[in-house]
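Let me begin by handing over the structure; questions about it come next.
Each chain carries a letter (A, B, C and D) given by its place in the written order, and its residues are counted from 1.
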Amino acid sequence: MDASLSALADGLEPDDLIVDGGNSHYRDAVRRAKALSAKGLRYMDVGTSGGVRGLERGYCLMVGGDAADFQRLEPVFASLAPGRDAAPSLAARSGRSGTAEHGYLHCGSHGAGHFVKMIHNGIEYGAMAAYAEGLQLLDSAGAASGYRLELADITELWRRGSVIGSWLLDLTADELARDPTLAGFSDKVADSGEGRWTVQAAVDAGVPAHVLTAALYARFGSRDNDTFARRVLSAMRFAFGGHREHGD
Amino acid sequence: MDASLSALADGLEPDDLIVDGGNSHYRDAVRRAKALSAKGLRYMDVGTSGGVRGLERGYCLMVGGDAADFQRLEPVFASLAPGRDAAPSLAARSGRSGTAEHGYLHCGSHGAGHFVKMIHNGIEYGAMAAYAEGLQLLDSAGAASGYRLELADITELWRRGSVIGSWLLDLTADELARDPTLAGFSDKVADSGEGRWTVQAAVDAGVPAHVLTAALYARFGSRDNDTFARRVLSAMRFAFGGHREHGD
Amino acid sequence: MDASLSALADGLEPDDLIVDGGNSHYRDAVRRAKALSAKGLRYMDVGTSGGVRGLERGYCLMVGGDAADFQRLEPVFASLAPGRDAAPSLAARSGRSGTAEHGYLHCGSHGAGHFVKMIHNGIEYGAMAAYAEGLQLLDSAGAASGYRLELADITELWRRGSVIGSWLLDLTADELARDPTLAGFSDKVADSGEGRWTVQAAVDAGVPAHVLTAALYARFGSRDNDTFARRVLSAMRFAFGGHREHGD
Amino acid sequence: MDASLSALADGLEPDDLIVDGGNSHYRDAVRRAKALSAKGLRYMDVGTSGGVRGLERGYCLMVGGDAADFQRLEPVFASLAPGRDAAPSLAARSGRSGTAEHGYLHCGSHGAGHFVKMIHNGIEYGAMAAYAEGLQLLDSAGAASGYRLELADITELWRRGSVIGSWLLDLTADELARDPTLAGFSDKVADSGEGRWTVQAAVDAGVPAHVLTAALYARFGSRDNDTFARRVLSAMRFAFGGHREHGD
């Protein structure tokens, strides 16, 4: 990324403005803005959220950088953003101006766009894990209680009026409708960096983030990289209790 | 509840059908169905989700009980349920019949309705905590990083196209638009039972539920009922390190 | 257990006393004491901790039941218990009488012995997990930082003067000295019930127990019973991000 | 620290050796060793554990740096370390040479001493929290079950033969013997940095550390810095359920 930026910067002219629309760390955005500024160049960090369906559904824009640069680019942001009709208006906002309802926002100075995007992804990790754990329980605790629950139907049902309606639920219901066993999907789950940064931000700020962290660790654990810890437990159990695990 | 049911049952005639639309434990539903059946009465457990706004927005119905009873009551369920238009149709479900898309579902035998509602609430706890922790981090980690983030605008922004769009987010954005400090709300958070039952179901089934449990415990912790545990930590720190906490 | 007790009770005479030295739930102890009392029999619940090495090292006795029964059996408890010399005397207890320093204790009425044993095991789960996670980090985070750490030596080192010295550490160091890879031990870890009861007690009491619960769930997770939850995550990631996991 | 080192370095002569026996981050140790090396000076990082009672009880030494420097200082380490008699010999180590049994160890290159100390403290956080949560449960779940448990006696009892015997338990029993309510201790618990570094190391390595992290977060939470998150939960509960919390 730094290499690309450097190469790009070489071909630019003073006051040209680079928009970093990727998933960089917000501290890198601060650093890059400063470095480019020294070359007379402008920089904005723009976190986006919407995924691969953003083209049809729209995606929102979380912008960090100088106010003047934001104004300069605002026509672009306004044109890319999903617009006011992408969600029903909220009663409490009536009469309030601002761009948030249009789907783009100047969040603050350099890095603020990526910072807000980072936290967005942290929330995403937690919300995803909430559905995943719940569906696991429908499946296994349901079976243990004698029920054979149709997860595709239940998630479809919850899309209508329930408290947990969400776009993530829509996507999940859609995949479960295709195959309720999700057999085509891996049980090893990757993480893309922003969940880690969110946890690091929580640790740095000294704020508990039990749920977001547990969601991240569940992904780590899915990749079986804690097998030594587990063997330590088995070794202790054997040493004090004579228990010999019968595992693999 | 059992007392009300018993009183109610006394005034009923054979084949009358009682619908339990509250938040009972699913095992109680099984027990009650059996007890009422011995008196010639019918019983269905119907979990509902939609909250106080259900009147305007609709609420979905998770039904447990005998198939014949479900058919008997289906016109009622169909009339109460939010209907097909309450959510956009999913591509993967096209051509599929069933009632889930109408907002009501026969989930299984007695107790299945309350079981599914219980897990629904477990997910709700986890998803709520994900937003709560994220907003806390926007606030405090944001401040620690030098940003003053407008949470009302950011949550409004995320309602348009982002991956974490949800009804819970809509409600949160609405409250933050009213008062971004949420000063009118308590930092002691109650729990209503179903989150506890979900954790117990996870423990019974031997399935990890890190996120849902952490969300429940965060509510417990908000009520300051772990102060002795904290003093134990302070006592240890003093004993081995000579640290004297400066707290209250 | 109830069957054995019943068979045993048939052969007993009034005022005979049954000692339940197993790992029963404390509520069962209360129930059994009552049932046996109706037959004129006495019952005590005695939790023990010491493991398979208890014969050489001694094991402590956590006793629940009536005070008169405790007095009646006290010579037995005193003879079985490890005695005062099993641990150095604490300054703060000098001049205090009582049996705790001898290694046996009347904890309270029926069930109190098993209750205390249950919590003991809950603590055990948490402490074991603390070492297990730490050793995993020495191994993998150590390697990621360029260190090749000798876990057998490090755990041996920590046995001398460190804050985390414990019998569990002694056992761990012993096993690591035999084989620092612990290759003979399974990475599937069983749980014996009391950890689950501890979590249920926390949920019932509305008290957060993040650490003890996470330790239990780590064992659940070691048995790969959350693979559906993981596939849900992968399905969501594919649906919104186009990510296709490359796992198995 | 860097300022002190720099000032100190100015007064030293080539080949002089600085020992950093504090709680620095291991990456700082690597950096400092390099910086001092450029000035012809030697550097070792030595983590110690033993607390304020180390003078009487001994404290172990976790050493990082060059092998030649370790040999040069070994007489000092051997003289400071608690020695072989500080803990019973383990069967599995008989016939093995090395220094770990004497209470000091060359863990690896620069930073390895502080790295091992960091993980030591991570384990310490987890083990402390295990006892703290267990004692909280004895107290509150015990009361909810109708028992009035004497925590001073129970912890004293567990010191004799139980699986959870440890120095931390000794210290806890001692404090509880002084005052079973621990009224003199704060319920706000500080953290000293190394617990945070451990969590960061886990996140960097992509390894789950549920227990160690939950222990750290419990300390964060004790300082009431998540009140905004809690108000978010209350606001959501009000918005969808009409629940108005009655807290403070």
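We take it that a residue touches a chain if its C-beta (ideal position, glycine included) is under 8 Å from a C-beta of that chain, and two chains touch if they have at least 3 such contacts.
These figures come from a predicted structure and were not determined experimentally.
Q: Name the chain pair with more contacting C-beta pairs, choosing from A-C and B-C.
A: Top pair by contacting C-beta pairs is A-C.
Q: If you take the mean of the Cα atoms for each chain, which one ends up farthest from subunit D?
A: Chain B.
Q: Just curious, how far off is subunit D from subunit C if you go by their C-alpha centres, in Å?
A: 23
Q: Can you compute the centre-to-centre distance for subunit A and subunit C, using the mean CA position of each chain? Integer Å is fine.
A: 38
Q: Centroid of subunit B to centroid of subunit C, CA atoms only: how many Å?
A: So the centroids are 32 Å from each other.
Q: At least two partner chains per residue is the criterion; list those residues in subunit D.
A: Expected reply: 51, 129, 131, 133, 136, 140, 163, 167-168, 174-175, 204, 207-210, 214, 217-218, 221, 225-226, 240.
Q: Tell me the shape of the graph of touching chains, choosing from line, ring, star, complete and other.
A: Graph shape, chains as nodes and touching pairs as edges: complete.
Q: Which of the residues in subunit B end up touching subunit D in this complex?
A: 51-53, 128-129, 131-133, 135-136, 139-140, 167-168, 171-172, 174-176, 182-183, 185-190, 210, 214, 218-219, 221-223, 225-243, 245-248
Q: Mind listing the subunit C positions that touch subunit D in their complex?
A: Per the touch definition, subunit C meets subunit D at residues 26, 49-51, 54, 57-62, 81-83, 86-88, 90-93, 96, 98, 100-105, 107-109, 111-112, 115-116, 119-120, 122-127, 129-131, 133-134, 136-138, 140-142, 144-150, 152-154, 156-170, 173-175, 177-178, 198, 201-202, 204-205, 207-212, 214-215, 217-218.
Q: Would you tell me which residues of subunit C are touching subunit B in their complex?
A: Contact set of subunit C toward subunit B: 163, 191, 196, 199-200, 203-204, 206-210, 213-214, 216-218, 220-221, 223, 225-226, 240.
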